[in-house]
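Next come two complexes, and both contain chain A; in the first it sits with chain B, in the second with chain C.
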Partner chain A sequence: MEAEEVGARLRERFPDVVVEPFPGTAGRIRFPAARLIELLTEVRDGLGFDHLGQVGAIDWVEERELFYTVWSDRAKQYLFLSTRIPAGEPHLESLTPVFPSANWHEREACELVGITFDHHPDLRPLLTPTGYQFHPLLRSFRLHEPEELEVKVRDV
Partner chain B sequence: MWINMGPQHPMTHGLWNLRVKIDGELVLDVDPEMGYLHRGIEKISEDRHYNEIITLMDRTCYVAGMAWEHLFIQAAEHALHIQVPERAQWIRTMSEEFQRVASHLMWYAAFVQDIGLMSPFLYGMRDRDLVLDLFQSYTGGRLTYEYMRVGGVRNDLPPGFTDQARKVCDWLSDRFVEYDRLCLGSDIFHRRCDNLGVLKASECIRYGITGPMLRSAGVARDLRKDRPYAAYGQVDFEVAVADGADVTGRYLVRMEELRQSLRILRQTLDWLDRNAGPVMAENVPRWMGAPYAPVGREGYLLKREYPKGVGFSAIEEPHGEALAYVVNEGGEHPYRVKLKSPVFVNIAAARQYLVGYRVADIPPIMGSVDVCVGEVDR
Partner chain C sequence: MGSVSAAPTALRAATNAEMPLPMITEPAVSFVEIETLRAREFVPAAKEALGSMLSEQAQGKLIRPMFNWAGRNSLFPLHWGLACCAIEFAAAFGARWDAERFGVVPRSSPRQCDLLIVNGTVTWKVAHKLIALYEQMPEPKWVIAMGNCATGGGPFRTAYSVVPGVDKLVPVDVYIAGCPPRPEALLDGILRLEQLIKERKE
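And then the complex of A and B:
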């Protein structure tokens, strides 16, 4: 499957997405964040990309980018999807109703890049200690300037 | 009642905590707690040159360092538009397969001990050492190799390496027969593994599970076959599958993968014997990773600007599908490195394959998942 084919199959229902070629994959789709659930459902059921590989987040200072990698066992290909949201109040619908495996990926993006996922079943921090108040993968988090850290011990 | 299995529990094989909600012996709910080994590898990568990141990749999964080096290097080369010589591709393929053998032997040793068979543990560790000896002979390291470079590999193989490697392959293929007799012939093994931790193919795909866990459910998905990288398109092998979707199925898949790895290794060794050539691309400066100029050009800091681009790579790591996404914004360091670990996803679905079984079933089930915490926490 090529980027043109993906674009042709999505154009009717999703005139607002941009499909561009991305070497080694079936293409990269840029889409507005509001259409996440609709588009990913179509990509899963209509195009057959039913295996979520990863959800990642990038901090572009003014905005944050969320990218999704899905795999189709029929086409033996990956498909990239990415969307940008403003950094002021970064929140996005959770993908867990479509792909349950997005759960931990989104927990990680929440704690490391500071993006809130609406309607996520469980957004507790996954990797950082309880009470850790930074988002280490933001560009504003400097590696060489140690921060004061107070770690609270969780009651079990 | 919630109990903690971990962080110091023999089942964990690493540093993590499995919180288990139990009613008597019955598991009602589980909640894995990760993060004990979080070193911020993705963040540190944003502050390093490409070749300096290889050191971190070795430590991402400390039993499959070569595979993670390969993963990152491929993504970096994709981002920087660098072509790799053919011989380097074959050496990388060979290294990754030896790494798969070492990793699966480590899994075998740890897993059989979980289910109460002590002597296979010793055999597994003994045979893994032979593979580590081979690694030591051409990389200098036994666990963290720092062998691959952007554009190729650091050095060619030493003289006589392929003969030695073939001897190891012959030795191992005889041992695998014994492994199977020790485990599959044991009543204890079957009582503790059959029909446990069942996760059917449709559920595996819903929860994003890859690697031997997915193949044990009958899905022949293997990136080495489906999306061949390095020299995998030119070697002949079969994808190991089983249909039990249980602990025994995962055992069978990994043992078959070991045999298929030896098959790939013999082909790569033959190819390496027949074909000489460079192992490093010509247009890549050797000092790419070092912050200072090479000998003869000392005295000033090299300022480099790499072309803008994004790199993506996917490999079949011993535990499953690993993805790397590298963004270069034109500076000396990558702007963002995102690594996806297969074990991260496989543990995230723990509720699906642990709930409903007994507490005593947890060690064999988690053993069959083959947990490597280094790559989960990164």
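And then the complex of A and C:
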């Protein structure tokens, strides 16, 4: 499957998404965050990308970017999707109803980049200790002196 | 650590409620009894038993040295690999260095161990599990901090999730420097610990 084909099949229902070619994959889709569930459902059922491999997040200071990697077992191809949300209000619908494997990836993005996923079944920290107050992969995060960190973790 | 001793009961209750499996039976010795047993020091018990047979002086010359001799020649470390240092830990028990000739045999349960070798980076996430393992080991027990990570955080000292030295969590007897320390260094650390045990008084 090529990027043109993906674009053609999505154009009618999703005029607001942009499909670009990406070497070695079925393409790369940029979409508005509000259409996440709809688009990913279509990608899974309509285009046959049945496996969600990765959910990640990047802090671009004014915005935060969420990216999703899906894999089609029939076409043996990856498809990349990404969306941007304003940093002031970093929350987004959870993808777990469509792909249950998004669960842990979203927990990780929540604790490390500080994105809240609405309607997530269980948004506990996955990697950082309970009560940890920082989002370490934000660009505003600075390295702490160990003593400082210890006190903050223990205080909770 | 009250929460640690409470955990197995709570866990068992939850499992039973969700799926009552016929295999799950009550253990012969309850958790509380084990906790009481393990806290009993050998030396006072031996003194009590041998008190009528030996003079005070003979007791001092016999019981503690014998106990130290036995203890230092059968150190059982916990088989618990944390990070890259665990590879050197494994090598030390392989054919070339063969730590078992000093009576050091890794065991898989903390209840059979008297030595905790912290061989790797300890994160805050795993910190309370480390404390739980330490608490489950019977007395008397020793801790070796192996490598820079366990000693003081190592290369990750300023990282956001790493405990800057395992002595923040449990008392440490021997520190081994290196990233990672070679198996010889680990053996040296164990021999130093044996020396410490040899000199152990009441």
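Keep this in mind: the second predicted complex is superposed on the first by the 144 of 156 C-alpha atoms of A that agree within 3 Å, B and C clash if a C-alpha of one lies under 4 Å from a C-alpha of the other, contacts with A are read in each partner's own complex, and residues count from 1 in each chain.
One rule holds in what follows: contacts are C-beta pairs under 8 Å (C-beta built on N, C-alpha and C of every residue); 3 or more make two chains touch, one makes a residue touch a chain.
Quick caveat, the model's predicted, so the values are computed rather than measured.
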| item | value |
| --- | --- |
| Touched partner set for A:T83, first chain B, second chain C, both or neither | neither |
| Partner chain in contact with A:L143 - chain B first, chain C second, else both or neither | both |
| Which of chain B and chain C A:T96 touches, first, second, both or neither | neither |
| Touching partner for A:W104 - first (chain B), second (chain C), both, neither | first |
| Which of chain B and chain C A:T25 touches, first, second, both or neither | first |
| Which superposed partner A:H51 touches (first chain B, second chain C, both, neither) | first |
| In the superposition, chain B vs chain C on chain A residues touched | B |
| First (chain B), second (chain C), both or neither touched by A:S72 | neither |
| Which superposed partner A:F134 touches (first chain B, second chain C, both, neither) | second |
| Intersection of the chain A residues that touch chain B with those that touch chain C | 127-129, 136, 141, 143 |
| Partner chain A, residues of chain B touching it in the complex | 2, 4, 34-35, 38, 40, 42-44, 46-47, 78, 205-210, 219, 221, 226-227, 310, 312-314, 321, 323, 325, 327, 335-336, 338, 340, 344-345, 348-349, 377-378 |
| Of chain C, residues touching chain A in the complex | 123-125, 127, 153, 157-164, 168 |
| In the complex, chain A residues that touch chain C | 127-129, 132, 134, 136, 141, 143-147, 149-150, 153 |
| Chain A residues within the chain B interface of the complex | 22-25, 50-54, 56, 58-59, 67, 69, 71, 73, 76-78, 80, 99-101, 103-105, 112, 125-129, 136-137, 141, 143, 156 |
